[in-house]
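Both complexes below contain chain A, partnered by chain B and then by chain C.
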Partner chain A sequence: MIEDDIYRASSQYRLWSYTEPSLQSLRATTNAVASERVRAALRRSCEAHQSTATSAAGTPLPESNMEVKNKDEKDVECLTPEEELVLVRYYCEKTLELGETYKPPIPTMVRATAIQYLRRFYLTNSPMTYHPKSIMACALFVATKTDNYYISLRQFADGIPGDTTTEDVIAPEFLLMQGLRFTFDVRHPFRGLEGGVLELQAIAQGQGQPAPHLPYETAEDLQQGLLSIAPPPVPSSSMSDRIARAHGTTRELLKSAAQMTDAYFLYTPSQIWFSAFLLADRPLAEFLLDVKLAPETDENGLVNPLYEIRSKLHHVLTECSALLQSYTPLSSDPAQMKSLKRIAKKLYHCQNPEKVNLAAAQKRESTQPSTAVQSDAGIVTSESETERLAKKRKLEQEQKVRQEDDVFGPELVTQRTKQ
Partner chain B sequence: MASNAASRRDEDEVCPVCKSSRYLNPDMRFLINPECYHKMCESCVDRIFSSGPANCPVAGCRKTLRKNRFRKQTFEDIGVEREVDIRRRVMHILNRREEEFDSKRAYDDFLEQREDIIANLVSRIDVAKTEAQLQKYAADNMQSIRANQAIEAEEASSFQARMSLEQEEARLRRQAVRQEYETERREIQAGREDFLTRLASGSSTDAAAIAREGHKVLLKKSSARRSEEERIRQKQAALRLDNKRVSNLSTVEQAGAADTGLVKGLRKIKTPEPEKPYDPFMGYVPEKRDYYSLQSYYPSQYLDPIRNDARMLAGGYDLREYYSRTLLEAFAGLSCFVGEEISQRDAANTSKSTATEGASMAVEGGENTA
Partner chain C sequence: MALSPFGSRSPSMTVHSPNTAIRLRATAAQNSSTGTASAAVSKPVQNGDRELTEQLNIDVRERYVKDRKVGEGTYAVVYVGHLRHDPSSLVAIKKIKVNAEYKDGLAMDAVREVKYLQELKHPNVIALHDVFSSKDQNLSLVLEFLPGGDLEMLIKDSDIQYGVADIKAWMGMLARGVWWCHENFVLHRDIKPNNLLIASDGEVKLADFGLARSFADPLFNMTHQVITRWYRPPELLYGARQYSGAVDIWSMGMVFAELLLRVPFVAGNTDLDQTSKICEAFGTPTEENWPGVSKLPYYIATDKAHLVPLQGRDFFMRQFPTAGPVGADLLMSMCALDPRKRSTAVQCLRHNWWTIEPRPTKNEDLPRKSGGTKKMGDDLTRRGGELDEGMFKSAARQLDFGMK
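== the complex of A and B ==
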């Protein structure tokens, strides 16, 4: 089918389509790599802390040292991939809410794009490394740009509750784009749904045209077929009314369930909207499928050439519908909220200390052009660079504190000679 | 002595047809016809065959001969003459080249087969059968025979050209050497004369200095000349190399014909697929769709007001654009089964998988960035 080949050319198909096992293994490796790094970073910061403490005290205290270290090692308990997923989902819901706070609200399409950005980003990055709170705002802002819905940065930052500066919003921007592998195109099922509804309405009014491979059907046949399908669960006054109602229900499903599950990674947009449509009004959706791909068995007993596709599609749509149906909003479920709070608390302890303040890190980098050049050449160097700077800053601060405590005032000779 | 013997034999040579001898007619020339190889004198040929083909006048030979086929005898022995003729004819037809064969072995087999055919024809074994084979082969492989003949002709001419070029080069080299020797001699002469005049005009104290100087000048000149020669030689060598390269490029690689009945082990030539007509969209028909046929109007209570709204349409907004896009997105990828296709793709390139490797790189990169 030509349309399928057109979709196969998209970056969503080429780079962001996965099978369920590959998705799981990818998340597991991401989690493993991130936990490793978080542990290493915590150990480093702990050591830095201790070395400054011992040098300040003059005499090292090996026993307490060991104790602290042991305690630390035990304490670092990282998130599991499942917990990460719940956390990301929570922030996806938050993105929807954030979009609602603007006046006028940010369009659904833009918000959906932002959510997909978040989901894609957290496939290869862990919330332990970058907190979703900072990435979320940035993802929404990038989405307004890629979906051509202009909001100035200042206006955008003002709309975010809390004191978020413009720098905080755009600090992780490049990082996010890198995580997205610079593919900003997200194929949504919303427009596809509109197209399907257009077709159904046309058929309902007797203006429908048959699919190119079923040329013998006439508009009247199609209309008759549509009128003779099984009645909807909720009775409606007319066919177009019924279609409109199914349309509304499907749209709601696409806005919430399709965004919060892995549907975009596992299915194509048209499959997603068809499965949502199946949930909303099963006879109507099956009628449309029959029109497009011919019924599973002909009345003459002939085997449909598209039968294989049709049966496979049936299977896929059932799976996708089940996935969409399995979604319940986090905020409506107290048990889930409780586990979310636990995860958030856990995240507070296992957050990578080197990546907490992205805006500050960026500012520091930009003030030192040499490091900026280095980070251009190899990304790896920047990590050690920021670490070194953090260590230095901490050292200075502690010295200041200690000197203020000293009864005899600060030392005359600077600390540099001591080192 | 040999010439003496030859002349003596020539003296008593007699034309077998008219019985006139060289003794009476010193300008007599003998001709043969490759049809039967019977020798006769030029005047007999003129006499008998001027008015068209006729039978051979030698008793017992009934071959029909034509005047234009008569030629001078190259070898004294008629048997050798005949063999050379046959060989030339067969080689002309069976002119496959080594590069046309699959292996050296196949080529060797071919050579042996050709020798067999020649031997058969020379010693008159199975002549009719062999001739038939040859004729059939010639008819079947007209094209490749002609192509190989052209290649041979070209090779011969290029060989000629190369030979003459080499001769020319040798001549130039010789000339240069001679000229160089001349100039050197002249310079030495001039230097010596100069030296003598200076000695004659100068005082006796300068004599030693002048002598040393003169020697030095001579040395310098000769060394300069030598380096100049070296330079020229290098240039010529480079030029020769260039020529060779050009000639290498010009030898056109020509493929042989298909395997024929007579000659075995020929290399298969792949004829390139005929080019298809140019298709700018690579098989994609812009407005063709498989799931739906686009209509110019779809009833919709949201869109209908737009159709008549001048404010909307003035800017060039066209609802048909919207229709085509929404309908395309409605069905694009409907029967594109991600789970199946992606797992197939991953299996196909596990060694250098694009998706998973890219993703893992992104993991590394993402986790690496500050």
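== the complex of A and C ==
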């Protein structure tokens, strides 16, 4: 049994690993299904609105009725899968910031788990159905439970800027867990990085151990090898300083780029941290790779028997590095922010009206006898509900006009804490 | 290497198949057409409200039929059920009760149990086939059906005779299950005979992951209030907040001793009593035999007159003659007071006791007992760390450790 076999038994591998095309097609399907449902829901909402108008104003002319309907249907322009992805990414960045507002801040690992929960959830759910704003806090709270960083719900809700209630946080819990297919374990690249760094430090101090298939190497050989590698991208005073620097840069990449891109869906934790390490200090990372797999040729010019594995790995790491490097935070990029605002406005018009207030919906569900939902009375309830939501939307719309430039409503995290 | 996930061992993983895209397409098609055969789709009112994830959940739920209740506790209800399409395929369905006082969503026990069982697929760990939620948002775990009862039942039944070859078989299965947990960086933290369930083929399965957690990062604190008292290692009794897989190994040693003696080896009435019984039995922990022990929060120094010297190999051989000298050596390595000196799961498995005579009994020849389904029901409804009061009251006797 090797480590790979153990990883292959994990839910992260079994359920949450994809190829690029399979990931793309899954997102396209989710988007198509959600768009269809949003259109249907908006149609229902519109019809409900008309039927109330009808009863108030007597018999309407059938033609005008048709006209309104056609116009409405044409107007609903849904998000594309790419736009959905941008939106989800924005809320992943927000999750990182939200965790920072707590005292003490929620550990990076817990925040990273929450971000992966969000990303996994939105593979089979659309932001048009469930707004990420309402799922995000719940994802972070669930992560505190699954990652043994327990805070009470009350304390957690109090820590969120604004007037978020405990009900708002917990309402989507089951929905989220369903979307996660009840798998809560996320395998992160952080621990692997710590191991690699410890190993390099040991080598630097002359206490390194050779790989099992390279028994002829001594601790001195390894130490000498490490001291003779190419200089770092940024000059450093000593080897331990250099390792510490690379460690820090890699951690930052794992905290940001690795979380906000599809890295977890496409690569294993060890591939991810190694790719980030390559970006932080290439000669250092390549040295560690040589220690593990031996150089491409030995001193007699013989080709390393692990050459094939090595070149395959090299290819994967290059791809993963490129993915990590492609990431720039939305909030620091005016062009991306502009496009985000456009998407948010668009979402406002194609948000499924029947799923807007999850906490309220849950309260209604629990107070109503469950039999009524299935009977004819249930239809009446759901229609009046749709109507209520339509009114609410109209009210909100009026409010929105007043705060036009702030598409998400009040800022979740104040500007000060962002820096 | 772009990885693509492939099937799982769960019987109903078709829903959880990697081909979610196709699956979702099919669900969508079902939703838009009317009058399809599926029972779930035939309720038109609900169907319009249903999102895809809800539909997937319903599909899982519809796959099982509950037959009868076999256990009920404060925390859960357990049913025996079967796959709808195959009445011969039995499963245990554990429905977690919603705790009205707990307002923070799904309870931690359930979160832990689901989290770890989803990851740990091994012949000696109870299999989690599926998870679904019911209409009232109760969580149900579809678990492997284990009608053979548990090890506690066999230990306590004086009508059942078993020997060292049987113990070797059971301990081997336990050690492999624990090894798999540790290999996956999971601490079980509640190993005891009634969490060791027995399958119809005699295989022992580690169950109840309600107290489990992943290994903590170095310097990160964990709670010391885990593991049922009689199986709790000295470092936890002393309040250690940083510990390792060694805690589970101690529990394993206690189960081993109990299998040999047919009564719990050190059964304290309180935590303090447990500590003193451990000292009496194995020796008093001191800075000499356990460097650093005096710094643990609840460590109490014993005055010189009452110091019990650390027990050696001859003590274990005298106390557990049935194990034989090699078996006693393995037991001793599991019961080292200093957790750093205790064997790891791998070291236990490499011990030569497994390979010497007698060979472990084959599963089909292991002693068994009827009434196991009821026991499984009771075991699965218990909350982690609970001690069944009066469990050994009649059987417990004062043990003479040969000190006087």
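The rule is simple: the second predicted complex is superposed on the first by the 366 of 419 C-alpha atoms of A that agree within 3 Å, B and C clash if a C-alpha of one lies under 4 Å from a C-alpha of the other, contacts with A are read in each partner's own complex, and residues count from 1 in each chain.
Simple rule for what comes next: a contact is a pair of C-beta atoms (placed from the backbone, for glycine too) under 8 Å apart; a residue touches a chain by one contact, two chains touch by 3 or more.
For clarity, every value in this text was computed on a predicted model and none was experimentally measured.
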Touch check for A:P269: first (chain B), second (chain C), both, or neither?
first
What is the contact status of A:I6 with respect to chain B (first) and chain C (second): first, second, both, or neither?
both
Does chain B (first) or chain C (second) touch A:V316, or do both, or does neither?
both
Check the residue A:A143 against both partner chains and state whether it touches chain B (first), chain C (second), both, or neither.
neither
In the superposed arrangement, which partner chain does A:D185 touch: chain B (first), chain C (second), both, or neither?
second
Touch check for A:E173: first (chain B), second (chain C), both, or neither?
second
Please indicate which partner A:T30 is in contact with in the superposed arrangement: first for chain B, second for chain C, both, or neither.
both
Touch check for A:M260: first (chain B), second (chain C), both, or neither?
neither
Now for A:L153: first (chain B), second (chain C), both, or neither, which partner does it touch?
second
Indicate the residue numbers of chain A shared between its chain B interface and its chain C interface, in ascending order.
1, 6, 13-15, 17-20, 22, 26, 29-30, 33, 37, 123-125, 129, 175, 178-179, 181, 191, 194, 266-268, 271, 312-313, 316, 354-355, 379, 382
If you look only at chain B, which of its residues touch chain A in the complex?
284-285, 288-293, 295, 297-300, 323, 325-343, 346, 354-356, 358-360, 362-370
Touching residues of chain A toward chain B in the complex: what are they?
1-8, 13-15, 17-20, 22, 26, 29-30, 33-34, 37, 121, 123-126, 129, 175, 178-179, 181, 187, 191-199, 201-202, 205, 207, 209-213, 266-271, 273-274, 292-293, 309, 312-313, 316, 354-355, 361, 365, 375, 379-380, 382-383, 385-386
The chain A residues in contact with chain C across the complex are 1, 6, 9-11, 13-20, 22, 25-26, 28-30, 32-33, 36-37, 40, 123-125, 129, 141-142, 145-146, 148, 150, 152-153, 166, 170, 173-175, 177-179, 181-185, 191, 194, 266-268, 271, 312-313, 316, 354-355, 370, 373-374, 378-379, 382
In the complex with chain A, residue positions of chain C that touch it:
1-8, 16, 18, 20-21, 24-25, 27-28, 32, 43, 45-46, 48-49, 51-54, 56-57, 103-106, 108, 111, 114-116, 118-119, 121, 131, 133, 135-137, 183-184, 213-214, 216-217, 222
